[in-house]
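To keep things simple, chains are lettered A, B, C, D and E as they appear, and every chain counts its residues starting from 1.
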Amino acid sequence: MARLGRVVLVRLAGSLPVLLIVLVGVFVLLDSAGGDAVDAYLLSMGGGDAQMAAELRARYGLDGSVLNRLLFTLGQYARGDLGWSIALNRPIGPVIAERLPNTLWLMGSATALSFLLGSALGVLAGRRPGSVLDRVLSGGSLFLYSIPSFWLGLVLAVVFAVQLRWLPVSGIETIASGKAGLARAADIARHLVLPVAALGMIYLALFLRIMRSGMAEAWGQDFTLAARARGLPDWRITLNHAARNALLPLVTMLGLQSAAMLGGSVVIESVFAIPGFGRLAQEAVAGRDAPLLLAVILTSALMVVIANLLVDLAYGWLDPRVGSGAGHD
Amino acid sequence: MTRPFLRRPEALLGGAILLALILIAGLAPLIAPGDPLAIAGRPLIPPFTDAGLPLGTDRLGRDLLAELIHGARTSVAVGLSAALVAVFAGMTVGTAAGFAGGAIEAALMRIVDAFQIVPGFLLALAFVSVMGPSLWVVVLAIALGAWTGPARLARARVLSLRESDFVAAAKVMGMSPAEIAFRQIMPLALPPVLAVASVIVAAAVLTEAALSFLGLGDPNSVTWGAMIAEGRNQLRSAAYLSIIPGIALVLTVISTYLVGEALTDSLTGRDKR
Amino acid sequence: MTLLQARGLTKTYPGARRIRALDDVSFEIAPGETLGLIGPSGCGKSTIARVLTRLTEPDAGTIQFDGQDWGGLKGRTLRRARGAMQMVFQDPGAAFHPRATVSGALCEPLRLHAIAPRSDWPDHVERLLTQVGLSPELAPRPLSALSGGQRQRVAIARAIAPRPKLIVLDEAVSALDASVRARVLDLLAQLQREMGLAYLFVSHDLAVTRALSHRIAVMEAGRIVETGPAEALLAAPRTEILRRLIAAVPTIHTEKVSS
Amino acid sequence: MTMLLGLTGLSVRYPGARAPALADLGLALFEGEKLAIIGESGSGKSTLARAIAGLLPPGSRIEGRIDWGDGPIPRPGRDIGYVFQDPGGSLNPLLSVGRHLTEVLRTHLPLSPRAARARAAALLETVQIPGPAQALDAYPHQFSGGQRQRIAIALAIAAGPKLLIADEATSALDVLVQAEITALLRSLCGAKGMTLLFITHDMALAGQLADRIAVMHAARMVEIGPAARVLQAPRESYTRSLLAAHLDLASPRLVGEPP
Amino acid sequence: MFATISRRGVLTGTAALLASTALPRLALAQGGGRLIVAADSEPRQLNPAIVASNGVFFISSKVIEPLAEASYDAGGLKPLLATGWEGSEDGLSITFALREGVSWHDGTPFTSADVAFSAMEVWKPLQNIGRSLFANLETVETPDPLTAIFRFSKPTPLQLIANALPVVSSVLPKHVYEGSDIAENPANRALIGTGPFKWGDYRPGEYYLLTRNDSYWGEGLPHLDDIVFRVLPDRAAAASSLEAGEVHLAAFSSVPLADLDRIAKVPGLSVVTRGYEALTYQLTVEINHRTGILSDLKVRQAIAHAIDKDFVLDTIFLGYAEKATGPVPANDPTFYTPDVTTYPFDIAAAKDLLDEAGYREGPGGTRFSLRLLPAPYFAETRQFGDYLRQALAAIGIDAQIVPHDAAGHIKAVYTDHAFDLAIAPTVFRADPAISTTILVRSGQPDGVPFSNQGGYANPDLDALIDEALVTLDPGKRVALYKDFQRMVTADLPLINVADWSFTSVVADSVTGVATNPRWVVSNWAETGLSE
């Protein structure tokens, strides 16, 4: 366990230079923007005068040079302070802490759904490549894969929430319901059904296709032929040999896709009015809130790093050839 | 290569749709002359009710068919340009990293990592908001999130090819590194990257639509994404406004995937042989 | 007189295990001579082939070849000089660019070493093919359409095209079927007689090595443990590894049947 | 001698292939004998082995008859053991050696998990894997090529098959290891009375191991007979050419004295 | 025919309004309940005394009250915290009588000291509108706890101040703010006021919760138990939520206009257009007079002629707007005059004007190119941008839309002046002096949004604006502002296209809807839920 902890720490430390590149890049990008946080603020006030704008810029430290602001931000981060959001007029740390769980729930559920269902269906499709079942599943997944998620989300909302009224239209939980514990969890789960379906479908399709092609590849390899030669039952070869190996590229893909999934949740959060990271990023961009956007992007990047780390650990656990090196010698 | 490609019925179907689409995109000014954003009739004419405006009109009375045809042009252009930029940038960086090795490779790959861990859509969102949503900015924004794939692929391919016997043979023969790089390795590193390019094209079309959905499309040109986004407000009163471009979008993406898949199979298949 | 003189070659591959692939290896090759290099897998014999052809740089050691400091040559000078030392690889399928044609592959050395004006290339290709026992009609064919034996002959033709003095043969016949292998070995021996070539013949197969080599060097764990004239060496092995290698050669207990 | 297996007019054509991989082949295999099938690459020897084991890819066109002696049609794994050429590829890299063995054992034999594990360890001991108990928990990549092939053999014989097919089982191994595996196969067949079908391209190896030798060429069987007879008095010119191409330490050398 | 349909939409809306306003009188007993309202944005700053904007008022007006609220009754004002106001003859002072028995949500009594503090420490130095409106305010005297006397250094028309009261006079508790950094006081995020509702809870990105103030000064008020503002930035989501019954009210046209016809037919929902009269938006084409071409009046007139206002009303606003004749909307009862220069839709006339100005059609029919910057924060301004591009193309002007997001647009237009034409949603706030004359008065410093940033300078117009600002007599003042409208429409420093009224979609169970001309941004004390 201590070794695992060290591995995690080393990996996170290793990603520091990359995170620094991200930070500087975002800073430079925002600096070249037309309009700053004060412009956005004045818009929300319906106007103001020039002196007011100057006062506000001084108050939020927007009158310094890029380098100074960058160094100031770095200093803040070094002290573990995420800074102050100009657009929300609040410290950023608590804002992130509020929004992160919603996005994590959304992404986590969508990932779990698409991974479990996608890999299961992928095994079914890949069991007999070219069969009717395979064609139906492959074709269906291609169709799902091609549908824009926001469009799917809108249609799902209209059908299941507005017409049938089975599920709530939007939000992450019933507003100010005062629910707690299990009742609240059930409430959140109900709210997540549609967004998770809209976000998860694409990845379900993707994972199905990867699993299927992984299976197809596994069938061409010696060890599945060897398993047949050993007279193992069909289901056993499928699950224990072909599927097990086909799972590896899928797990790799899971890590690669974590960034894309986080990006996809931006649109879904917008469609379903879920106060998560994507919405926060949109607000930060609209409000030209550099510290907030920076924090959102860095946190996202960190989440992707952690997701990749988890995936690598899972990979190491699935594939004895990687990592440990311990064992029989 | 052609035979296994054409033998697959789904590849044939995808190819046919894609070909039709490219034809429509190329001939758009001839099929639907004039500005597609021009007001052509009463607003919100439903489809198939007016012979002159077969697909009806939108909120502002613009000809939906003309918009659709010109939208094909933008979608194809955005998809292809974004893929082109991403593949070109990725190939260049990936090949450079693969050849250079050492510190240069490490530095380049850290940059690739940086782009890879930032959600591409988030980056595109910020980029377009900041630079203003012109078509080129959108193309660049999409490419920004898509070039790392080709970069990694190209690098991996270059690394493995660099160690292969025929490269060693060329070296022993006295061939210069530049010639080995560009005449021997590059042509072979390209096919898998090109195969991925079709996925990038499809993803770019979808990303453009999503950006337009969030109001970050170029207002000077018609795109299917913007049409869907506009139509979503009338999703329940005039659903055709977003369904028609939606179908066009899904068809395009599906056909791109189909062709890409067939292409991948035949490209990688040839390499094996 | 020596053609090639290697002194103190040492090479350690980086990595967790830090395998010492070459450990102070020295040897010589005379003009027109075949030095056979034999040993079990992983003993470092292929590393020697790659170090000699400058595909891998040694950590230490010197190589004198053809009267110059071969190990110290760099860049353009090295590329010009490379015509004198050529190499044939184990897998005839992998040694050519996947899209090369026979004539394309054979023209490369002609171009790179300015062997002949471009207009004479077809004649050269024809002569080279004839020299390695192939029909000149194969010239326009893609290499992928040739059999393994034919491809290896093209590889040999490519190697002799720049008129080298030494050819490094790295398991050059190991991937071939027995009957093909015998004919390719015959070809190699014949070319050596005709052109005065020297070979470094790297192989794990003692019987094959013995057939083609004047002298044999035995390797084990990165070192040359035994060297000597082929017959004398095999007749009186001094090391355990050579004894085991000799014992592992399967023999048909019968008189040779001539065909 | 009882006949284990009889093939009559067996032809196999792979899906999409123009030429048959096996044409009109007849063969009788007797219980307890060791039959070597030799031939060069593409001669159809592996197709023959896979046809017998029922491992041809789906869609292959098979004509002719495969007759098994009395009793039920044998099942792969239980009645036929199969060892492949590549010892790495035939093992699932994600499963421990113990999982591999117990999986086969419990598929074919009514064993408790504990009993299966004990049997697995015993099997590893039979194939001379050091420390069999610990080896059960190790993964294929942690073993050398030779050890992996031993494990593959243990898997093939786990259920006590009557017939063991070794399909180029030693070709991918180092020369020194090759001899050990050959010896292991010989002793296993002797001890358990298994019939051995040994596929190889090496004449001498066939001669050392087999009672009878069948020679294959271009999808057909050209000659079959007792090993000594085929090697000493081959009837077919193809067999003779194979023998002529064989090299061993007694073969004539291709080079003279050092220049 | 199309036009008739959309007009009918307005009519049904008004009918529904009559029905709903009738209800509170019939149903005497109010059932309390929770009103759920869709909010499309979360203002960064919620203090209405500092930020006087509709986005802030929408939420904060229920908690913090102004001295007076707008009213449909004659006089246009309804007393809230002030019960009366009187100006001196010389225009140098205004005396407010304050309501008795009012206390802050924390129990402290409300006094004239709070008004004086708010005026001198907040409205005058900090408030976006108050900074100019109260520029001449010198002191506020408090002779007793219920009297506040505002003293000005220059004559200040009572009419202007009275008209501005609902917008600028939100009163803050002195005891909470005194001695603190007012702009950063925590009470700006957890408001403390005198209003019918108390600050409850705020979950960013999710909701604001306001709860009933049991000790409100209005007898028997408020009717509701609490109000939840649910954050729904996506307009389509707002419509769906209404239909699904998750939300009772969506204001400020947050349901897309195109969806209104359908929504109006959904049982239980009504479309209401009243309740916005005192905060009319105008669709305005801002013109950069620094651009040589556009400094030519003929070109501006040509552009005005090229705009088919009927089309704009019917297609973009679907009938939920009126044609604008000038800088004062027609629904203003006091200042509006129809007697101004008008520019009927006439492409031929527009082309002639351009020819006269010397801009002839070049090859391809194009005369010149312009940069067009539609404000991105309203669907209507964006759509009008699309339309204007087409309308200008018809007379040979090639307008290229330069897209920006909100902040980028503000900077491009109001700081960098990187535009030729811009499309803005300007607001008329009951008196031209509050936020309208600033749109054409010269001498505005760079970087001030919603002010004259087009470089327009007309000494005559400036003089008229300045004169009106110190004219005390209401009759004269009104006359001056009518001249103002005539001058603006004649010289076209900007082009007013449409007076744009917002719509609300309200569940039929909501009572007390649209009871005053600023209803959505008023205190909702009389709003309730039936059933």
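Quick note on the criterion: a contact is a pair of C-beta atoms (placed from the backbone, for glycine too) under 8 Å apart; a residue touches a chain by one contact, two chains touch by 3 or more.
In this text, all values refer to a predicted model and were calculated from it rather than measured experimentally.
Colleague: Can you list every chain in contact with both chain A and chain C?
Modeller: B, D
Colleague: Of the other chains, whose C-alpha centre is the longest way from the centre of chain B?
Modeller: Using the mean of the C-alpha atoms as each chain's centre, the farthest one from chain B is D.
Colleague: Count the C-beta pairs in contact for A-E and for C-D, then report the pair with the higher count.
Modeller: A-E
Colleague: How many angstrom between the C-alpha centroids of chain D and chain A?
Modeller: 51
Colleague: Roughly how many whole angstrom separate the Cα centroids of chain B and chain E?
Modeller: 44
Colleague: Measure off the straight-line distance from the CA centroid of chain A to the CA centroid of chain B, and report it in whole Å.
Modeller: Chain centroid spacing, chain A to chain B, equals 22 Å.
Colleague: In angstrom, rounded to a whole number, how far apart do the mean CA points of chain C and chain E lie?
Modeller: 89
Colleague: Touching at least two other chains at once: which residues of chain A meet that condition?
Modeller: 33-34, 154, 158, 162, 270, 285-286
Colleague: Which positions in chain B are in touch with at least two other chains?
Modeller: Each of 129-130, 132, 232, 235-236 in chain B touches at least two other chains.
Colleague: Hunt down the residues of chain E that sit against at least two other chains at once, touch-wise.
Modeller: Answer for chain E, listing residues that touch two or more other chains: 236, 404-405, 408.
Colleague: How do the chains pair up in terms of touching? List each pair.
Modeller: After working through each pair, the chains in contact turn out to be A-B, A-D, A-E, B-C, B-E, C-D.
Colleague: Name, in rising order, each residue of chain A that touches chain E in their complex.
Modeller: Against chain E, chain A makes touches at 33-37, 39-53, 59, 86-90, 95, 98-99, 154, 157-158, 161-162, 165, 168-172, 175-176, 270-273, 275-276, 279-280, 283, 285-288.
Colleague: Can you name the residues of chain C that touch chain B in the complex?
Modeller: Chain C residues touching chain B: 50, 53-55, 76, 78-83, 85-87, 89-91, 94-100, 108-109, 112-113, 144, 155, 158, 162.
Colleague: Give the list of chain B residues in touch with chain E in this complex.
Modeller: Residue list for chain B touching chain E: 35, 37-39, 42-44, 59-61, 129-130, 132-134, 215-216, 218-220, 232-238.
Colleague: Applying the document's contact rule, which stretches of chain E touch chain B when the two form their complex?
Modeller: 2, 235-236, 239, 256, 258-259, 261-262, 311, 314-316, 374, 376, 379, 382-383, 385-387, 389-390, 393, 400-405, 408
Colleague: Please give the residue numbers of chain D that touch chain C in the complex, ascending.
Modeller: 40-41, 174-176, 178-179, 201-205, 207-208, 228, 231-232, 234, 237, 240-255, 257-259
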